[in-house]
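After this come two complexes, each holding chain A, first together with chain B and then together with chain C.
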Partner chain A sequence: MAITRRTFLRSAAAVSVATAASGALAACGTDDNPSAPTVSANDVQAALEKGGTILVWAWETTLKDVVTSFQAKYPKVKVELVNAGTGDKQYTALQNAIKAGNGVPDLAQIEYYALPQFALGKSLTDLSGFGAGSLDGTFTPGPWASVKAGGGIFGLPMDSGPMALFYNKKVFDTHGIAVPATWDEYVAAAKKLHAADPKAYITNDTGDAGFTTSMIWQAAGKPFSVDGTNVKINLADTGSAKFAGLWQQLLTDKLLAPVGSWSDGWYKGLADGSIATLVIGAWMPANLESGVAAAKGDWRVAPMPQWTAGGNATAENGGSSLAIPKAGKNNALAYAFLKYATAEEGVKIRVDKGAFPATNAELKSDAFANKEFPYFGGQKVNQVLGQSAAGVVSGWSYLPFQVYANSIFNDTVGKAYVSSTTLSDGLKAWQDACAKYGKEQGFTVS
Partner chain B sequence: MALLEPPAIKRTGKRRQRRSWTGWAFAGPFMAVFAFVFLAPIAYAIYLSFFRTRLIGGTSFVGLENYKNVFTDAQFWSAAGRVTLFLLVQVPIMLFLALLVALAIDSGRLYGKAFFRVTVFMPYAVPAVVATLMWGFMYGNRFGLVANINEALGTTLPDPLSPGLILASIGNIVTWEFVGYNMLIFYSALQVVPKTLYEAAEIDGASQLRIIRSIKLPAIRGALLVATIFSIIGSFQLFNEPSILKSLAPNAITTYFTPNLYAYSLSFSGQQYNYSATVAIVMALLTMIVAYAVQLRSSRKER
Partner chain C sequence: MRSGTKRSPLLTLLTSIMLLYSLVPLAWLFINATKTQDGLFGSFGLWFAGDFALWDNVRETLTYDDGVFLRWLLNTLLYVVLGAGGATVLATLGGYALAKFDFPGKRAVFATVIGAVAVPGTALAVPTFLMFSNLGLTNTPWAIIIPSLISPFGLYLMWTFAAEAIPGELIEAARVDGAGELRTFVRVCVPLLAPGIVTVALFTMVATWNNYFLPLIMLKDPDWYPLTLGLNSWNDQAATAGGQAIFNLVITGSLLTILPLLLAFLLLQRYWQSGLAAGGVKD
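Now for the complex of A and B:
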C-alpha cells in the first residue's frame, strides 16, 4: 500500500517537474499558465501524514508560535524556521541559493514589492495548481492583488501594511499642535513643531524607496505599469508630482530628521520625542512596543493625512507574503504549512502576537477591532488601521525589478536629501536608471 | 649545467618520459591546488564575462560587448576616478606618517619605545568592520562624537558623512587602520641597517637628518616599494569602509562608490553577474598596470 502511494507520488512529482520545465521554456507573458503543477488537497494531506522537514526563511517574529502549534498538530512534520536576513538581505541570499541550486528554502517570506521579480524570474511555484484560487475572498483585496502576477498566484498574503499616522501625543500636546488631517496641515505642523523646539522634527527621512512609492500610491499616482514584458515608467505623473511638491517643502526647510529608519538613532528619536510622527504601515504597533518601550503611553494612531480634506485614501506600506520557491524540495508539505500560517489557525496566533492580518475574517472580527492597546494609552488602534485597509487606492503595481530599483533609489533620489538637487529631478534620474536597467534585462520600456 | 645535457639526449625516450613523470609527481599536488584555487576562479570570471543573462531572454553569448560597455560606463569610471583620487591623496599621507613614526621609534631617542610601537600598531589588529563602525559612531552629527562636540562647544562642525567629505572621512579611517602596519614594515627594514654605518656617519659629523636622507631612506627603499604597492592595491580594492558607512550615509555613498562596491551591487542587487565579472576583470587589470608601472619606475631608479 505504502509502496503504491510512494510510486504514485513520485510519478506525480515527475509529471509536475516535466510540466514546470516545459513552462520555463515557453514564452513568458502568456496568461494561461502551463507551468502550474497540480497538487491536490489529497497529495498535501498525504505529505502531512508521511511527515518530513521543511525549511522556512522568514524574519517575521510571530511565525515562531505558528511553527510550534503546527508541529504539535502534525507531529511527523518538522519546520525549521531560519531568519536569513530582513528584506533585501534575504532576497540576495535567496537569489544566490536559487542560482546555486542548493540550500533553497521550501518557503520564503517575500514582501509584496519583491514578489513580481521572483515570479518573473520563474523562481516561485504557481500556487493555482494547489487550488489556491479557491482562497479568493479570504484575503483583503490589496494584498490578494499583490500576490497575483501574470495569471498565477505566487504566494499567500501573510500580513499587510495599510498606512496610518502614528504620532507622539505628548509632543503634540506640549506644543499645542493639532493632529493633521491633510498633508497641508502636516507641513504646517512640521513647521510649528520645529520652530517651537529646534531639536524636534515631524518625522525622519533619509530617502526611503518603500515610503516614497507608498506616498505616490496614496496620491493616486501610477508610475509603474506592467503588461507582460512591456513596462511603463513615469515618475512625473500627477501623483508623483503631488508627492514631490509636498515633500520638497519639508526638505527645503530642513524639517526632516536626517536619521535612517531602523537605526539606533531612530529608536532613540522615537523614544525621546525628537521624531514626532511616522506615516507607516499597520505592522508598526508591535515594533513600537518592542523597540520603543520607553515611550509607552505617548503614542497614538490617526488616519493617514489626506490630499483632499475629508478623503479616506490610503496605501500599502510593506507587508509580506509567504511563497514556495520552485527549487524547494518539499512543495506539498510547504503548501500545508503556508496555508496553515496564512489562512487557517496560524492567522489567529499571529494576530494575537501583534501582527496585522491580511484576512477578511480577522479584520472584521469584533475581538480584533475592539482590542485596547495599553501602549497606545488604551486606544482601539485596530479601528483606525482597519479603516485604512479599506481605503487602499486600487490599481497600483510595482516594477518587475523593484528590488533592484529600490537598491539604487539613494543613488538618484537620495541626492535631493543631501544637495541642491530637487526631488522631482531625483525622481527623474531614478526613472532613467530604472529604464536603463529594464532595457538591459530585455524589457520593452517606455 | 650544459655539460650534463648531452648524456641525457643519448638516453632512450622511455627513460626521459619517466623522468618527466617523476617531476610531475612532485609538482602535481601543488599544481592541482594552484589550478583549482587560483586559476579556476579567474578562468570562470573570464568565461562569465563573455555572456549576458537577462530576466527576459535568458543567457546569451555576447563576446566582448561587456568590455565595450565597461569602457563607456560613466558609473564605473567615476568609481575608478574616486579610488585614484583616494590613492593620490591618502596613500602618501599614510606612508609619510608611517615613515615618521618608524624613524622616530628607530631613532632610539623616544621614551617608551615599545609602548608607542604597540599603540600605533594596535588599530591594525582591530577588524576593519569594527573600526569602521566605531568611526561611524564618532562621525555621527546627531548622536556621535561630532554631535557631542557641537553640543559642548556650541560649534557647527561640518558633517563628516556629507557627500563632500565622505571620501576624506574614509581616508581618515584607512589611515588610522594602516599606519601601524606600514610602520612595522619600515621599522623592521630599519632594524637590518648595520649600526656601524651610523657610527661612521657620526664620526664624519653627519646630522640626524643627513643620516636619514643618506643612509636610512636608501636602505629601506625595498620596504617603501612593497608598502606602496600594497597600498595601491588596497586603495583600488576599497570596499569594507564605504560598504559599512553606507547604512549611515546612504545618500553620500552610492552603490557605485568604488569599483569593488559597484561590482558587488551589480551582482547582488542587479543580478548582473556577467557584467560584474567584467568590471572585476577590468579593475584587476588596471590595478596590475598601475602596480607594475610603480615597480618598474622605482627599480629603474635603483640602477
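Now for the complex of A and C:
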C-alpha cells in the first residue's frame, strides 16, 4: 500500500472536517434558535419499557461491561456496541455516515476536542431538551464545560483527563533528582537527568497537538475563542508564549526524547526508564498497568508542575463524551443508555475497570480516593488526580475545526522539533494555517 | 547456457542483500512472536528473549476478546474464496474469450483492460464507497467481495496466456469432433490453462488477503473485518486512554496471518513458475 496511515488519516480528517464546518455555517445562517427536541423522562421510561435496539459507536473498552449490565436491567433493550475506529478514524466514519444518511449510530464516543466540530456542525442532538441541564453539578467543571457549546449540551462526559506528573521514582532516586513542583524545577530536572545519563530524558515529545493545547490551557492561555461564526485565534497570547518559552529550552538543549507518544518505542522507554516523566491525563494509570507492566513499582504520581510556586492550576488532557447524532433513530433509548453509562450505575462499572471518572460523586467517594495502587508502590494515586480535577483552569475552548487543526500540527509546530524553527514561529505558522482554513470554511477569523 | 559459468561476486552480493532484505522482516516477526508483552520491550529486537512464549501468544491470540481473531480469519477466507476465486473464474472465462474469439469492439475492450490495469485499486476505493453506499451495501461482506471480483491484470494475463497456450488447431479439432463450446473450454482448454489459472489465483488471493484500504472504508462492524483491519484495530488499542496494549498479540496475529499465504506459495510454486515462463519463448 503506497498510502501511509498518516497521510490517509490527514486527508480523511480534512474531508470530514470540511463537511462538518460548512454544515455549521449553513445552519448558523438560518437557524439562530436551535430547536432542541423535547424528550421527557416519561418518554425515556416508556422507550425502556417498549424496548428496541440501539447502535453505539465507541472504542472505549470498558463500555462492554456497562452494556452487559444495562441489558440485564432492561431485558427488552439490545445495545449493539461497535468499535468503528479510534479517534480520527471514527470521526471520519461518523462524518461519512451522516453524509450518506445511513448507518448513523444512535450514540457515538467523541473526544472533547472534537465535540465542538460536530456540535457546531449541527450533527448532534442538543440534550437540553432531554433535561440534561438538570445534571449540572454532577460532572467535574472541566468536562462539563467541554460538552457545552453555543448554549447547548451536546454530549455527556464519559471520562476525564485532569493532568498530573507521572514520574519514574526509581530513575529520580538513582540520580538524586527531586520531584519538580514548578516548571523551572522541571527544566532543571531535565538537565540534571540527561547530564547524569545521556540515554535518559525527562520526557518524550515529537510534537503533539493535544499536549501542546493542554499546556497552553494550564498556563491560562486562551488561544481559541468562538462566538457563532466568529473565530479568534491567537497562539501568541500570554499563556501560549509562556509555554513556548518553557518548551523551547528543552528543545534547544535536546532534552526531549525523540519518541512519538503511543508508539512501541514509547512503551519501551516508559518501561526501561529512558523516558522518566509524563505530564498527562489522569487516565494514564490503566495504560501503565497494562502496557508497561515491567516497570511495576517504579512509577509515582505528583501534581502537575506549576507556573507559580504553590499554585494548583491544571488542565484537561484527552477524555471523551458520548453524544447522540441527530441522524440516529432512537433518541429516547439512546439517552437512557447515555445517562446510565455516564451518570448512573455505568460510572462505577467503568471506574472499577480503570477509567477515570468525570463525576463529582465518584471522585469524592472514599473508596475511590483511598484506593491503593500496587503498580504505584501502594500510592493513593486518585488523591493527586482528584485534586487535579478541581484545579482545571476555566474558560478554555477548542476550535470548531480542531480535528483538522490537530491534523496539520506536525506540518507547522512540528518543524520546531526537527529543525532550527523556533516553537513560537511554529505556533505562528499553525495559527496562520488554521486561520486560512477557517476562512475557507466561511468562518470570520480574526 | 554453458555449464560452469563464472560466478559474478557482485551479483552474488546483490542477491544476498536482497535475500536478507526479504528474510529479516520474517525473522523479526517470528522471533518477536515468541516474546511476552514485557519481553518485547526488554530485549533486543532480532534475538529471543528469555521466555519462549510463542504457544501462549498463539493461544491468547485465538481466544482474546471471545476469539474474534478466528472470526476475522473466517471472514478473510470468505473474501478470498468468493472474491479471489470469483475473480479467477471471471478472468479465465474472459481471457479465453478475448484470445480465441473474434468479435466487434475487441480493440476497445483491449484498450479498456489495459487502461484499467494502470488505475490502482486505491484510487477507485472512495468512488466505489459512494456507489455502494447508495446501493445500501456498505458494512456488508458484498462490499468487499464484489469489488474483489474485478481483476483487470488477471484478465490481461489470462488473455495473453490463452493466446499462447492454446493452439487454434486444437480448438478446431475439438469442434470437428463435435464438442460444444462449453465442452471444448472445460475439457480441452482449462487443463492447458492450468498454470495461468494458478498464477492469477495466487495474485488475486494475495491481493484480497492483504486488502486493507477497501475494507477500511467499507466496513464499520468489526464482525465483518478481515484480518488486516482486525490486527490494525488491536494495534490502535494501545494508543487510547485506558486501552490495553497487546503488541505481543498483534505480532503473533500477524505471523498467523501470513502463514496461509506462505503455504499457498510453497504448494503452488511449481505451477506458478511454469505459468510465468510460458509464452516467454517462441518456438
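Everything that follows uses one rule, which is that the second predicted complex is superposed on the first by the 413 of 446 C-alpha atoms of A that agree within 3 Å, B and C clash if a C-alpha of one lies under 4 Å from a C-alpha of the other, contacts with A are read in each partner's own complex, and residues count from 1 in each chain.
Keep this in mind: a contact is a pair of C-beta atoms (placed from the backbone, for glycine too) under 8 Å apart; a residue touches a chain by one contact, two chains touch by 3 or more.
As the structure is a prediction and not an experimental result, all values here were calculated from the model.
Q: Under the superposition described at the top, does placing chain B and chain C together on chain A give a clash or a fit?
A: Aligned through their shared chain, the two binders fit side by side on chain A.
Q: With both complexes superposed on chain A, which partner does A:T229 reach: first (chain B), second (chain C), both or neither?
A: A:T229: touches chain B, not chain C.
Q: Classify the contacts of A:F443 with the two partner chains as first (chain B alone), second (chain C alone), both, or neither.
A: first
Q: Have a look at where A:G319 lands relative to chain B and chain C in the superposition and call it first, second, both or neither.
A: Only chain C is touched by A:G319; chain B is not.
Q: Applying the touch criterion given at the start, work out whether A:S407 contacts chain B, chain C, both or neither, answering first, second, both or neither.
A: So A:S407 only meets chain B here.
Q: Using the superposition on chain A described above, determine whether A:Y417 touches chain B (first), chain C (second), both, or neither.
A: A:Y417 contacts chain B only, not chain C.
Q: One more residue to check, A:A302. First (chain B), second (chain C), both or neither?
A: Touch partners of A:A302: none, neither chain B nor chain C.
Q: Under the stated touch criterion, which partner chain does A:G281 make contact with: chain B (first), chain C (second), both, or neither?
A: The second partner, chain C, only.
Q: Should A:D264 be classified as contacting the first partner (chain B), the second (chain C), both, or neither?
A: After superposition on chain A, A:D264 lies in contact with both partners, chain B and chain C.
Q: In the overlay, answer first, second, both or neither for which of chain B and chain C A:G121 touches.
A: First partner only, chain B.
Q: Report the closest approach of chain B and chain C over their C-alpha atoms in the superposed model, as a whole number of Å.
A: 5
Q: Give me the intersection of chain A's contacts with chain B and its contacts with chain C, in residue numbers.
A: 96, 264, 268
Q: Which residues, counting only chain C, touch chain A once they are in their complex?
A: Touching chain A from chain C are residues 37-38, 40-42, 120, 122, 129-130, 133-134, 136, 138-139, 212-213, 217, 220-222, 233, 236-245, 247.
Q: Can you name the residues of chain B that touch chain A in the complex?
A: The contact residues of chain B facing chain A are 54-57, 140, 142-143, 162-163, 247-248, 250-252, 254-256, 265, 268-273.
Q: Residue numbers of chain A touching chain B in their complex, please.
A: Interface residues on the chain A side: 28, 88, 92, 95-96, 99, 117, 120-121, 206-207, 229, 257-260, 263-265, 268, 400-401, 403-404, 407-408, 410-411, 414-415, 417-419, 437, 440-443.
Q: Going by the contact rule set out above, which residues of chain A touch chain C in the complex?
A: By the definition above, chain A touches chain C via 1-3, 8, 57, 59-62, 82-87, 89, 93, 96-97, 100, 102-103, 159, 161, 262, 264, 267-268, 271-272, 281, 283-284, 286-287, 290-294, 318-320, 354-356.
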